[in-house]
């Protein structure tokens, strides 16, 4: 069992360092188990310039996910993916960048807060992002995460009033996930009007890196949002390519385009 | 226009005479227009020993008729039979025995009471039997019938209390139609238990001939009921044969069997 | 609206035109009904069942959005909320109580689309009576689900294959069955039709609709509405409604299906035991009514309607299938109430005449005699076919 | 049953487990609801619509024949007589009023078989609100007529093709839509489920069932019944009923479908924004409930039920499909009431336990949450298949 740590987590240290060195962050999302070679996808994406990777743990009822991520989750569950299996696979692999598990609270709750935190840590996962866990309900997990040395990424939304934004960023670790628009995950033609505003509002309360996600589909959008934000989370656009069978190389090519657009 | 007569009608005179001479009455029923040669059927039946004939005028909603007579009515209406057409055909034919038109009140009412009575008389029809016209509603027709010299046959039923039986037979003309059983027209295997009782009850109030109808299907039943009654009305059993295509000869053969069973 | 007396006459109409076999039953029924109706205990029982079982009183609903659109004040008497979904329950509860009181263990009934059949089967189940429902073969096929409903309720459904194999023939067949079984069987007729005392008795059982509505209008409007509207098949919901307003200044309007407008196109005649206005040909053969609404496809109206029309106390109008479909949708969209097609005829007339024959600003009460659940499948097909 | 406080906790259950995007909407809704519920004018308006439009109070019916057969005294709270045919109306009228009060022009709702969808579309039509109903593709195919019904009422039905394409996924999709449109849209959730304040708010809107029933039982029995029974899908009709009797000595029994018995077979978990008992696998993946009754096929129960079960104030039982079909037919035959399959679960338990777990002579109140018209076609097929 790891010791409880009060210090900065590994992912946050790493992302702050990159940000402070003037780089923009690329955080791709891959659904664990969605294709047999998903570990290779993580490795390829890391090599292509990802600064961290969100690893989706599939859940039967993914409230905030759009059709593409839902389909990936369904595919993964159809391949009998389990929490245990995913974490075991990650434990046995060398990815090369910090990993943040993205999943829904029931998988955490059902496993048990401490057991879940410990499992993440043992598998080398740095952080967790649990979108249906608001700060009001955060305490039990936050305590276990702190105990287990796992960082907790939190989201701020365009609808969050400033007081909530402040309360959220004060508890966030690793980076702040700024939701670009009201709505679910999925590709969008244009950046929402809210995207830049929410980043600016988050910035007022924290010097954590701020990555924008939900609907970032193209390197151009990423570049645009990174005039204000520190980085982007890229989900559906990448996952769709994997669903289309593009494999590790295709994923790497796609992430490389973001890396290129945002500079080294 | 004929004169109003207070005397006995022609049919009643004829039937009383036969009855008083010790004969039993056979009154077959034929649906007008049910087959093209229906006039020939009437003539054949008369020759075969009928004492009078009920001629059905088809009505769309024949409340007291069973399936066989209903089918004959439908067939007749399907051949575009009209009140006028039937009466014209009867006017031009020589049948040889008194005729009693059996139909429902709406055809009388729609034609007009006096016009209907006059038309019957002009066609040589002696009497009318209108089963849905109870003594309570009888007056308008009775007045027109008296004016037109048409007799009105009335029914008594097993359910009629004695006071009603008395009131009915007091107004009946031609003969009393004693309903053999509760129910609609149609053939029956056995004579109902009520048949004899209703005849006896009618007899208490009248010396009119009393014929039993509704369900008399065989010469044996006719003979049985005629131990008390003066005669029988034979409907469905005959009509079924006509529907089966037996024609005037078949009808005559069937009526002759009744004649034979009941004596000359 | 008064007592039609021992002969059951409403002016020139009504009476008792049945075979002698049935006359004693009609007379017995009249006696039983008059005794029961004079007995406060019977009233108490009747009203208590309608309240605790049937859901009475039904409310009067003010249609705010549709009123605005039409420029009138439209109120609905909500018989659609009664148990089994229409005013038919009032009548069958009354007749089932009477059947029990007469000591008869069995009821028979006729039905067209199935509303009265389901209601009768319901009342029979409640009272533990045997029940046989006569239904034309055409209708048992069109309304197979209602056949099953009646069977679930423990009734036997007998398919009628005579004549046009629809409602009119079901009535004939029920009357025939009644002749044969009158000893232990009551014929639970479904509207203000048939031989006396049915038109009188069914009106009295449906009077509760008008009595309630009158008091409710008093509370809402401070008096009677300007116009009182109800659809007319046989006319039971209309007569029940009118009976609450006949002594007021309200215009009384019965609305028929254009394809079965016996009040307008019918001529006096006799069928099913009564004298009334009937659809018939020159010879007196009864014609079939034909509209989208099975419940209005009656070739005749109740004799009291023929009388109210003759003396000018009520007016009779009609609505076409197309107008009715429009009214059906309009009420669903603006008020969240899917009406039965029958009362949608009343609404169709109101919609057509608001601001014309119904002056702007008038208060109008419509009896919403039933709910439209039974009609939704049919309307779906009609609208799909029309596209 | 009290106020679950600002965090919406019923003991260990309840809460608000939604994405940050929705948290402000949930908080806003809670404020709006609390303000409205403290406003006598809102209560007056709510109750007046339920009376004049919805047909409240619904009666309590004493089942004489079935009681005799079972050796108990069985009473039914007749939500089947409410407009649209179930208790669902109480909730949607409350939420539509609130939507109007919040100044939002649009409502969305999820639906399984279609009951809550039809009720929502109804309330939206009445208030002139836009309405979109989310319905799993499997359900839109099974319940095509209800889709048409909602469309007639002016609602848009959006087919959900994600997940199992049934109710559970319709909830997810409605939540997703709410995230995207929360500015001008209220999510009209259909049961005592979801994030705070829904379980609290929907209970308060359904409380009228228990309040009425309590007074009606008082009048009939001189006190509370020995046992109070209701079916539990999400649990809104049950909680509404229980709320009238929680402070009496009555046993409170919720009856689930054996194929979806989250109260009995579920374990604590979080889905659809709430913590409660859920059907789920070892990993925490939510399982689908499967019974003959779509309205009970919820993988979870409302959090307050989880709490009432945990503290022992209420008991939860289940009934099998076969028992339910028997109860469905029994009520139709003996009382002339065709129940919805959902409350037939409650009746099935009563029939199974009368004279056993329910001592002979007990008085038992069952909330008849809806009418069976919607289920007749399905039962017909099931019974035909079984033969």
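Chains: A, B, C and D, in written order; residue numbering restarts at 1 for each.
Keep in mind that, in the parts below, a contact is a pair of C-beta atoms (placed from the backbone, for glycine too) under 8 Å apart; a residue touches a chain by one contact, two chains touch by 3 or more.
A quick note: this is a predicted structure, and the numbers were derived from the prediction, not measured.
*Asks:* Moving only to chains each one touches, count the minimum steps from chain B until you reach chain D.
*Replies:* Tracing touching chains, the least step count from chain B to chain D comes to 2.
*Asks:* So, comparing C-alpha centroids, which chain is the farthest one from chain B?
*Replies:* A
*Asks:* In angstrom, rounded to a whole number, how far apart do the mean CA points of chain A and chain C lie?
*Replies:* About 67 Å, centre to centre.
*Asks:* Counting only Cα atoms for the centres, state how far chain C is from chain D in Å.
*Replies:* 34
*Asks:* Scan chain A for residues touching two or more other chains and write them down.
*Replies:* Within chain A, no residue touches at least two other chains.
*Asks:* Give the residues of chain C touching no fewer than two other chains, as numbers and ranges.
*Replies:* none
*Asks:* Connecting every touching chain pair, does the picture come out as line, ring, star, complete or other?
*Replies:* Topology of touching chains reads as a line.
*Asks:* Taking all chains into account, which pairs touch?
*Replies:* Between chains, contact exists in these pairs: A-D, B-C, C-D.
*Asks:* Could you list, by residue number, the parts of chain D that touch chain A in their complex?
*Replies:* Where chain D meets chain A, its residues are 7, 15-25, 162-163, 168-169, 172, 175-176, 179-183, 267-273, 275, 278, 280, 282-286.
*Asks:* Within the complex, which stretch of chain D touches chain C?
*Replies:* On the chain D side, the touching residues are 51-53, 55, 58-62, 65, 78, 80-83, 85, 121-126, 128, 145, 148-149, 152-154, 328-329, 332-338, 373, 376-377, 379-380.
*Asks:* For the complex, give me every residue of chain B touching chain C.
*Replies:* Its residues touching chain C are 59-67, 70, 74, 77, 82-84, 104-111, 131-134, 136-137, 154-161, 164, 168, 179, 182-184.
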